[in-house]
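Data first, discussion second: the structure below is written as structure tokens.
Per-chain numbering from 1; labels A, B, C, D and E assigned in written order.
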Amino acid sequence: MCEGRGTGPLFDADEERRARRKRIEEVAKYIVPLAILALAIWYWDRLVVWNDIEPYILPRPGLVLSTLIKDWGTLSQSLLITLQITGMALAVAVIGGVGLAVLFSLSRFAEMSFSPFAVILQVTPIVSIAPLIFIYIESRMIGLLLCAWIVAFFPILANTTLGLKSADHNLQDLMTIYKANRWQRLRYLQLPSALPYFLGGLKIAGGLALIGAVVAEYVAGTGGIGTGLAFRILEAGYRLQIPRMFAALILIAVTGVVIYATTSLISHLALRKWHESALKRE
Amino acid sequence: QDLTPVTFGTNWVAQAEHGGFYQSVADGTYAACGLDVSILPGGPQVNNQAMMLAGRIDFYMGGHLDAYFAVQEGLPIVNVMASFQKDPQVLMTHPGKVSSFDQMTDLTMIVQDAVAYYEWMKAAYGFNDAQRQPYTFNSAPFLVNKDSAQQGYLSSEPYAIEKETGWAPDVWLIADAGYSGYSTTIQTKLDVVEQQPEVVKCFVEGSILGWYNYIYGDNSAANDLILADNPDMTQDKIDFAIKAMLEHGIVDSGDTLELGIGAMTEERSKQFYDTMVEAGVLPEGVDYAKAYDLTFINKGLGMDLRPE
Amino acid sequence: MTAPLSERAPILHMREVDKTFGGQVAALRRMSLTVREGDFISLLGPSGCGKSTALRLIAGLMPPTLGKIEWVGGQGAGDLGVVFQEPTLMPWATVAQNVWLPFRLRGQSFKSVKDKVFEALALVGLEKFHDSYPRELSGGMKMRVSIARALVTRPRLILMDEPFAALDEITRQKLNDDLLALRAKTGATVIFVTHSVFESVFLSDRILVMAARPGRVIKEITVDEPYPRGLEWRIAPQYGEIAREASDALHGTLHAGQPEMAE
Amino acid sequence: MCEGRGTGPLFDADEERRARRKRIEEVAKYIVPLAILALAIWYWDRLVVWNDIEPYILPRPGLVLSTLIKDWGTLSQSLLITLQITGMALAVAVIGGVGLAVLFSLSRFAEMSFSPFAVILQVTPIVSIAPLIFIYIESRMIGLLLCAWIVAFFPILANTTLGLKSADHNLQDLMTIYKANRWQRLRYLQLPSALPYFLGGLKIAGGLALIGAVVAEYVAGTGGIGTGLAFRILEAGYRLQIPRMFAALILIAVTGVVIYATTSLISHLALRKWHESALKRE
Amino acid sequence: MTAPLSERAPILHMREVDKTFGGQVAALRRMSLTVREGDFISLLGPSGCGKSTALRLIAGLMPPTLGKIEWVGGQGAGDLGVVFQEPTLMPWATVAQNVWLPFRLRGQSFKSVKDKVFEALALVGLEKFHDSYPRELSGGMKMRVSIARALVTRPRLILMDEPFAALDEITRQKLNDDLLALRAKTGATVIFVTHSVFESVFLSDRILVMAARPGRVIKEITVDEPYPRGLEWRIAPQYGEIAREASDALHGTLHAGQPEMAE
């Protein structure tokens, strides 16, 4: 070798500084967002105080929190119902979205023929067609899910379709050469390739499923299962219980963030081994 | 003479039920006592009440119960006049399906989410939540299901259904069934009453006169304004609504025959409050009297305009 | 052992094949070729002369612009192993899973072929890395995984596009030997793209020397040396002679002029 | 060469068959979807006839069409207004979504700190916060756009963020080596890499902007600018002019499909030279 | 001409550098190296021995696990040109736009550097393809674009990772000559990864022979032949001698055992 050898690993100021910065960043990653959240809440509070905004217009965060605690019994039950619908809606959105995307990828004709219908479903105001749905669909539960599905499925369909088409062309050729049939190609090449896109769609659809659940409850009612958050918000609005309305809204917001964090985590776990977007770089 | 500009937010798109107010805008009754009133139509989801609470508009077309809710929540809202003695909210059934209000308890009730009168119906008549399905302002589910009843507004849904299907549904006013709240009130904030009583007085009195003129006099100018504010309104529909209001004594019946249009009374307010407590809509101990101010009404103003 | 050249049965005819991309670039012009069972054919030529294109045409990955490619007895006959010029690994699968792929597509479970997979990995010196993901491998290691995948099924027809270009001389020679050994065992037909004159002479019994723009075959050299070939072949006088012949042909193509677009 | 040469290009039955099939497919690509659309409309018609459905429940397509023609004057004006809001909403969704995505890609802290707020915006029922918005925002137009933006921006944000992160790592390294600054990296590497993802998001957001325009009109009214399709639908619904409601719904559906087709075309044109999803393979 | 080895000023010290991936794979162990201005250093070694890793460490693309890399006078001094092992072209840009990139990042318009871009493309024989997209190129052509991009700015420091592996012998020799000519003009320092013994001996004045698992430098060979070097160097007896020396070192590494994971 050309250079003399030291006797052990070298450490110096530069290295230490780098290590320290990394440690700080590690902590800041969680502190900063929390600080900003706190700041936002503080600003909300100040906004109300400075502008003398009455609690029936915009309640202070403290009041919302105490209302949340006070009404936790009612609100948590409604939350549970909304969560239930959201979960099911997301599940059907995933199944329906991926299913359609697979169908589209199997046949260009299917895509050309049915994607207009998918778009129509996406853009049609659900409030207007919900009554029609409920005339012909007996089961309230199915109708409810249908409504939520209509709201949430499209991003999954669009992103998965794009992903299925984005499979590497060399790998496509490999599949051709090994005479993979349509399903093998799908299973071993296109679905894994579409995973990052699908998971991107899932992040969008998670929030939409929640919206879908709220909208579905609004247009369809929850029937026998009790009242969800949509009902609580409307009710609080009618009764001018604005702090309670905000408490319910906060529950929805928190649910949305939790769903987003969960889908992000799933996405990270599924991709961190191989996809550029999730790889940790040295 | 400088006119004081005030804005009155209604609860819906312009319609005959707002006629009294348009009447006084059209014929200058408000201007005569110094107000330049602009009417801000509401609509689905337009929340003019919040606009009033935020001080963006001066008066709001409110209701009886929401003023009680306001008191319960400590909101500085007060009703200063009630245009309607009876709530024009109805339930409709297929012709001949039931012969009285209480027979509807076996039907599927197509009623909006979270409305208070349904709570009252539950308490007073034994309806339940399981039989309710939300009304999303489309009558199709009602039309295809003979075993259902649907909410409606006296002059809207019954008219539309009759016009489009050729048959008239049976109409059940909840007011006639015992729901005794006033409706289409003039609502404002307490500080307006305290600081500008002359404005409130002018607006209330102008409105009282407006209603007399509208339902009993020449209302064509007001209707023109309504038609202009709501291009989808038709004369036909206005005529139907006015007829219905007269027929059911919505504006002028009961107390108004002595106190004049706009009347509200202590007894009826208490009685309505008690009903709501019984129905579990309101708790006991609300100082409901804060919800109304009788200073500007019950003076028999305009009674001479009523034809014999 | 493989039969002498003349006695082998033809399995593929390429007749007057032209390939033009986008109506502009003449990647291949009037290429004709008969592949016989057990042939080891090298395509030798400068960068961009259409070697990969020819291989892809044979693999049926794209249709020729003109001319015909005919398989005697149907293309489906026998297995195929292929090494593309790029490693072409599935980034979401481990090394072992990547090598498993050809079996998997035949419905064989990993367990049932585990030995074969590890044998192929051992061939390219990567058993230790069976659990790594492609992104954790060096360039040459990725290519070796790709080679392992092509050979793991012991295919009857092997198409290889510069498989050893990214490898050092020693690994390369080892894999040359291994490839010939495998072929001796299975009697596989090999079509082999390379830009190394010596590699082509060492390995093949037919060399097609190609020239660029338009991509075309300018010389076919038959290497009459019998298999197995070993170190002694590398130092045989004939080896050098054929290499010189091929090299001259290659040089000729280069001096024939700058690359040109199709007319 | 080893084989004899023919004198010209060879053609045979096989080739001809392939060429014929290609021609047929070329035509079928347009015929099949149209046929399926026609079938769907026919089925709708039959459904009404067979089940004796009254026109005020579900009108026959012919009736909807004649209503559309009859009411074209009113409806086309409303359509124009809705289109106007949709266009502007999509524009702000693109600007806002891409802008936020860029901000997120510039700073991990920004992403960690602000993405929860983006999610909250996405999931909060717009109906509940619209009154708040309109109390504090004077201009109806801005309020309207804000509502529509809230509905439409999230898919663009989510997809573009994903795309910005998916830039090839080797190219990232290249940028590092050439000492590209943050903006150059963004401009020359990350934005082009994100293009396919962004365009996927755009396809989703196109429909959502239309929904956003409709919802915004529901919750806010169009104020001085006239009445859009949402109002027409509501109004027709109240008045049980169901054929007219369907005519308006059809206009929305067609608009949605046109927007989708347009964004698909844009996507195709932008990517066809280089991205796997749009490449024409030989 | 470049100064004799001993008189050159050091520009980079690598001291006892270790690189371990994921706490498992010892890609590089205790590598020390001083790069002096005008050096032409080759890293020679078998696949997976850490050549690319060493180059990436020097380029500052990742931090070492242990040890230090120090630039004398700051890393920013002078231009850098780099050829990765993979072509690394922007798929959305044409060939000319790809080669323009280093200029573009300095804020220079295409027009102002068009001549240089086309000159670099001519060097690799691809002017005709300036308007093509990378996907329309063959493997070797992509690599040549990457080489053109690295050289277009006439950088003072050039890092190249097996740049000519995908190219045929003739193109390769031409580019070898061109690289030396460029270096003679600009006095650039070159760090060059290769798996070809002959290439390393032909080009460099220092050869680091590396061994795999753990990746480490096992021998440093100084090539005392002055530049310019041409055909006569290829046939000089010393050339063969050094090549043998390097080759022996390489063989030694291979026989040293199978790849192993880090302890």
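In this text, contacts are C-beta pairs under 8 Å (C-beta built on N, C-alpha and C of every residue); 3 or more make two chains touch, one makes a residue touch a chain.
Because the structure is a prediction, the values reported are computed rather than measured.
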| item | value |
| --- | --- |
| Number of steps on the shortest touching-chain route linking chain B and chain E | 2 |
| Chain pair showing more contacts of the two, A-B and A-C | A-B |
| Centroid-based (C-alpha) most distant chain relative to chain E | B |
| Chain D-chain E separation of Cα centroids, rounded to whole Å | 48 |
| Centre-to-centre distance between chain E and chain C (centres being mean Cα positions), rounded to whole Å | 28 |
| Cα-centroid distance, chain B relative to chain D, in whole angstrom | 42 |
| Multi-chain contact sites of chain A, meaning residues that touch two or more partners | 57, 127-128, 132, 135, 168, 230, 237, 275, 279, 281 |
| Chain B: positions in contact with at least two other chains | 50, 54, 137-138, 140, 144 |
| For chain E, residues contacting two or more additional chains | 21, 86 |
| Residue numbers on chain E that touch chain C, as the complex places them | 21-22, 25, 45-48, 51-53, 85-86, 125-126, 128-129, 136-141, 144, 161-162, 165-171, 195-197, 247, 250-251, 254, 258-261 |
| Partner chain A, residues of chain D touching it in the complex | 28-30, 32-33, 36-37, 40, 57-58, 108-109, 112-117, 119-120, 122-125, 128-129, 132, 135, 154-155, 158-159, 162, 165-169, 172, 196-197, 200, 203-204, 207-208, 210-211, 214-215, 218, 230, 233, 237, 245, 249, 252-253, 255-257, 260, 275-279, 281 |
| Chain D residues within the chain E interface of the complex | 168, 170-171, 173-180, 184, 188-189, 192, 195, 273-275, 279 |
| Chain B residues touching chain A - in the complex, by the definition given at the top | 50, 53-54, 66, 69-70, 72-75, 113-116, 129-130, 132-134, 136-138, 140-141, 144-145 |
| Chain B residues touching chain D - in the complex, by the definition given at the top | 13, 43-47, 50-51, 54, 56, 137-140, 143-144, 156-157, 160-161, 163-165, 231-232 |
